[in-house]
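There are two complexes below, and they share chain A, which is joined by chain B in the first and by chain C in the second.
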Partner chain A sequence: MDFLNKLYSGMKPIGHTFVFELKKQWKKFIAFSVITVGLVLLASWLPYAFFPGNAMPEIQTEYFRTNQTFLSFILIFANCFFFSGIICSEYDKQTGFILFPKINKYKLIIGKYIGNYALVMGITGVFYFTLGLLGLYYYGGPLNFRFFQSFAMALLYILAVSSFITFFSSFMKKENITIITTILILLIAFNVITQFITLANPDFEPLFSLQYAGNLMSSILYLEFPDTVAERYFQITIRDFTIRTWNTPTIMAGISVLLIYTFFSFLFAAIIFKRRQL
Partner chain B sequence: MKRISETIIKLENLSKHFGSLKAVDNINLEVKKGETIGLVGPNGAGKTTTIKMISTIMKPTSGKIFVQNKHGELQNLLTNDRNLVPRGFLIDIPSFYEMTPAQLLKYFAKLQHYPNDQIEDRMNKLLQLFNLYEWKYENVEDFSKGMKQKLGVIQAIIHDPDFIILDEPQTGLDPKARIDIRRFIRSLQKQGKTIFVASHLLHEISEICDKIALINHGQIIAFDTIENLEINLKTNELVFQTLSEITPDKLKTIIDNLTMEFDPYLDKDLDPKISKIPVSYNIKEKEFTIYYDGKRESRAELLKILVNKFPELNIISFSQPRTSQLERIYEQLIGAEAQNEMNRRRFN
Partner chain C sequence: MINQRYSMKRNWRTLFILGWIIMGLLIIPTFMTAANYSVRLQKGKINQKITIYDKDIWDITVNDTYGPEEFFGENANITGANGKYIVRSWYDDEVNTSALFLNLLIPREKIIAFFGPPYNQSYIDEKYNSTYKIGFILISKWNFISGAFPENASFPNDALYLLKNPEDFKTLLDDYNSFVDEVNNDLFFPITLSNYSIKEFLFRFFSIQMGILGPIDTYLTEMIDNLNSDNVSSIGNTLRLEEKDLDNYTIQISFGKMGLPSTITYLDEDGKVFYKITTYDTEWTVWLTLSIVGAAIIALVVYAFYKNWKRKKEFQTSLKRVQS
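Moving on to the complex of A and B:
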């Protein structure tokens, strides 16, 4: 009982920070949610409502899969905007001078992390909810179970990307620079490196790339998941030159990559954060 | 009468080095319950670094920090920071999240385990006291530097701590706000709170502190009451003001007569850098300045002489200006330390 009381008392600051973080980021959350709804409607409703020539996919899951275009962009931007300042802003703005004597710095970051994760999860929820409603409108119910698996994969993807950004935030000085750097890495650097490597060795599967692992969010919507290696890439051969584009990792490999990123990003962030002083 | 008996914080051989720079160098300091201590030093002397270490924001390179726990025992802060007496901090110029004071203060109070049902009341009282009540629901980003500083003081005391540490609390404040803060610190003193104030503003410190710790190059070069520090002064100053201005034709005679009557008590080795004559007059301020030997008995005698032998001067005030005294103590000690440092280097 005493242990439980201590645990509850120890968790309280995390709870207070979680609630405070929700209030602090509320406007950002609303803005992202509105943009998300707008983008889903733009990609998944507008083309069919105003351009009847556009053929609808035959089945519900295919409709969901083809309309996930904006999801990874939304998630990368949301993660970068919500998590980039999670550590560095306390140092840059020196808000830590007020907070750290009051609260253990790890508890502060845990509270902030959970708060921001909940908000980005909320934005993801808004995406899937809007897309789900459109799916029901066009194809009727119920929603295919794959749709929920895709949502679960998105939550895992957020976990990996947010921890990766938290790692950058642990040593970067300014929030804005962290936002720009992580967006560049997640949107461009991973893709460019993947292109170079697959050009040099087409058999090398880019499992180092968070972006590639994130493709599971849409590929899991295939009713028959492409399990063989040959099914998981697309390639064109011009004379003796082969250009291969890897579409998706296997489910196990993708989940493992996301979990490994999460674990090591948190580990390195914690080590750096421990040594960082105001 | 203030009861000063228990030690609330004790710094033991505390040091913080940044590479070869000794920001804080082997500091020893003890603060008793109910005392108000001023940590005075020039910019870069090590004040904020010391406070950051006390607030556990920064780890010392070596040394120990003991803080009283809730059972009245001293506890090593660096090994166990639980169950200590409630402490409040204002470090440097506070920077807040861009939210309203109501949101921020509620969060800070909750983090400090202040009873939920009393937060609103406590917050309102403090906001009113510092004239920020009408800004309660305004975003802090619209606040001036002085308003943020006031909010910083409020956040430091929102949970009604026993031990309050304020780093440059007067920074960025207008004169009215400075008076408010000084008045508030006095009211905290009356409540028996222990206060540790770091500042480079000597007059502010001299107005409110029981004891002063002079810090320079990371070392405490003196720690005592202002009165005790004054004993070491080469000269001491007294000021008295006259009701009306003394005309130049009478001035020389009056100064001569005053010098003659005061002679036994005047400073015989007056430093010419301070003043060439022991009794002088400032026409604009209608104020006489006397450089005397610093003894309390002498001060009493000087007052007696003035009242009995110079009634025509119509004296309206007679005081020892603490600020200028403190400035001189400060100058003297810093100067002596610089000289020692030079000798040390020469010797090495």
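Moving on to the complex of A and C:
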């Protein structure tokens, strides 16, 4: 009983921070949700509703797969906007002076992290809910189980991306700079490096890239997931020069990459956060 | 004074231009479309269900050697079986006679004989030089099945057609039947074809291959008037096919608001339904979900406003108490 009481009182600050974070960020959540619904309608409804000649995919899962264009953008932007200030804002605005003596700083960050994760999860839910409704409207029910697998992959992806941003937030000074840096890394740097490496050595699978691992969100929707290596890339050979585009990692490799990113990002963030002075 | 008059003149001019724009955009197209038939399709699924199949009557009235699966595909002889197709896209086109002969009328198992001379595409188009304005509808189609649908469609890239002009049915039927006579009279050509009666012709089209344009009742009436046959009639959106001299059953095909067959019914001499395929809608589930979510959001917003209002009121009350 004592243990439960201790656990409860230990968890209480996390709960309070969690609720506070939800209250603080709800406007951002609403804004992202509205944008998400707008983008889903823009990509998955408008082109089919207004252009009769624009053929819809044959089956429901293909409809979901081909209409995930904006998902990784939404998730990257949402993660950057929600998680960039998670640590650095306490130092930048020096709120740590007020908060840290009253609440364990790790509990504060955990509460904030869970709160923001819940909100980004909500935005992902809004995306899948809207897309799912459109899928039901056009193709009828039930929703294919792969759709839920894709949602699970998206949750894992936001876990990895958010931890990656939390790591940047742990050593950067300002929230805005963290947002810009992480967006640049996630949207541009990973792709540029991947392109260079695959041009130099087409056989090298870009498993270092979060973006590449995130492709699993859509590729898991394939009716037959590519079994062989050759099925997982597309390449053109001009004379002796090969340009290869890797489409998706294997399911196990993708999940492993995302988990490794999550683990190490949290680890380094925790180490830096421990040593960081107000 | 001059300025006022100038401004009035400018207002009248603006109103005049606006009037013309409104006339051009709204009123004139309305008059223009009233005279034409329009495509009323919508992308998305169409569910079908076999609601009635009385095999005994079918065997007596239609044929005892084959069942409805002969016309409507696999498992169409199972009561309660469901089928579906997804309307994926459509576009307008103008085609020659051969395209319709080869895609819609010549039986699939004999079609290969018409890819080469003498009765190939160019021969058909030269001899029967009509052109047809059509709508081509791309669909993916699932065969009828008793349980859950497989993930992959039975026919991922199937097609439906629309004939834009209802008078074209007559031209097409006449051309086809004279083509069949020509082919059958050619002793050196190894393939023989069957002539279509008006009933067979329309049934072949509307059972699985074709839709119509709107307004549906006018389109059907014009088509039937043109075909000029006692065996075919229409009431509203329903087409009635029978062959009074040969058969002792009637087929009724009703068209839904999109112009695609919504119900196919076989009736015996006494008017008893012995085979029926209906289409049904599941869109309501989407609208219900949307309504529930919408209502929940509205309730949440109202609650938030109420809470905010209550808090402000409490604050003002306590402020007054402190001030007094």
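Definition applied: the second predicted complex is superposed on the first by the 278 of 278 C-alpha atoms of A that agree within 3 Å, B and C clash if a C-alpha of one lies under 4 Å from a C-alpha of the other, contacts with A are read in each partner's own complex, and residues count from 1 in each chain.
Here is the rule we go by: contacts are C-beta pairs under 8 Å (C-beta built on N, C-alpha and C of every residue); 3 or more make two chains touch, one makes a residue touch a chain.
Bear in mind the structure is a predicted one, so any value in this text is a computation, not a measurement.
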After the chain A overlay, clash or fit between chain B and chain C?
-> fit
Figure out whether A:Gly53 sits in contact with chain B (first) or chain C (second), or with both, or with neither.
-> second
Quick one: the Cα-centre angle at chain A between chain B and chain C, nearest 10 degrees, please.
-> 140
Is A:Gln195 contacted by the first partner chain B, the second partner chain C, both or neither?
-> neither
Of the partners chain B and chain C, which touch A:Gly96 in the superposed model: first, second, both, neither?
-> first
Which partner does A:Phe20 contact after superposing on A: first (chain B), second (chain C), both, neither?
-> first
Applying the touch criterion given at the start, work out whether A:Tyr139 contacts chain B, chain C, both or neither, answering first, second, both or neither.
-> second
Check the superposed model and tell me the shortest C-alpha distance between chain B and chain C, rounded to whole Å.
-> 8
Chain A positions touched by chain B in one structure and by chain C in the second = none
Enumerate the contact residues on chain A facing chain B in the complex.
-> 12-13, 16-17, 20, 23-24, 93-103, 277-278
Going by the contact rule at the top, pick out the chain B residues touching chain A in the complex.
-> 52, 55-59, 87, 89, 91-92, 94-97, 99, 103, 107-108, 110-113, 152, 155
Chain C-touching residues of chain A, taken from the complex the two chains share = 48-49, 52-59, 61, 129, 133, 136-141, 144, 223
Note which residues of chain C are touching chain A in the complex, please.
-> 39, 41, 43-45, 47, 84, 86, 88-91, 138, 140, 151-153, 156-157, 282-283, 285-286, 289-290, 293
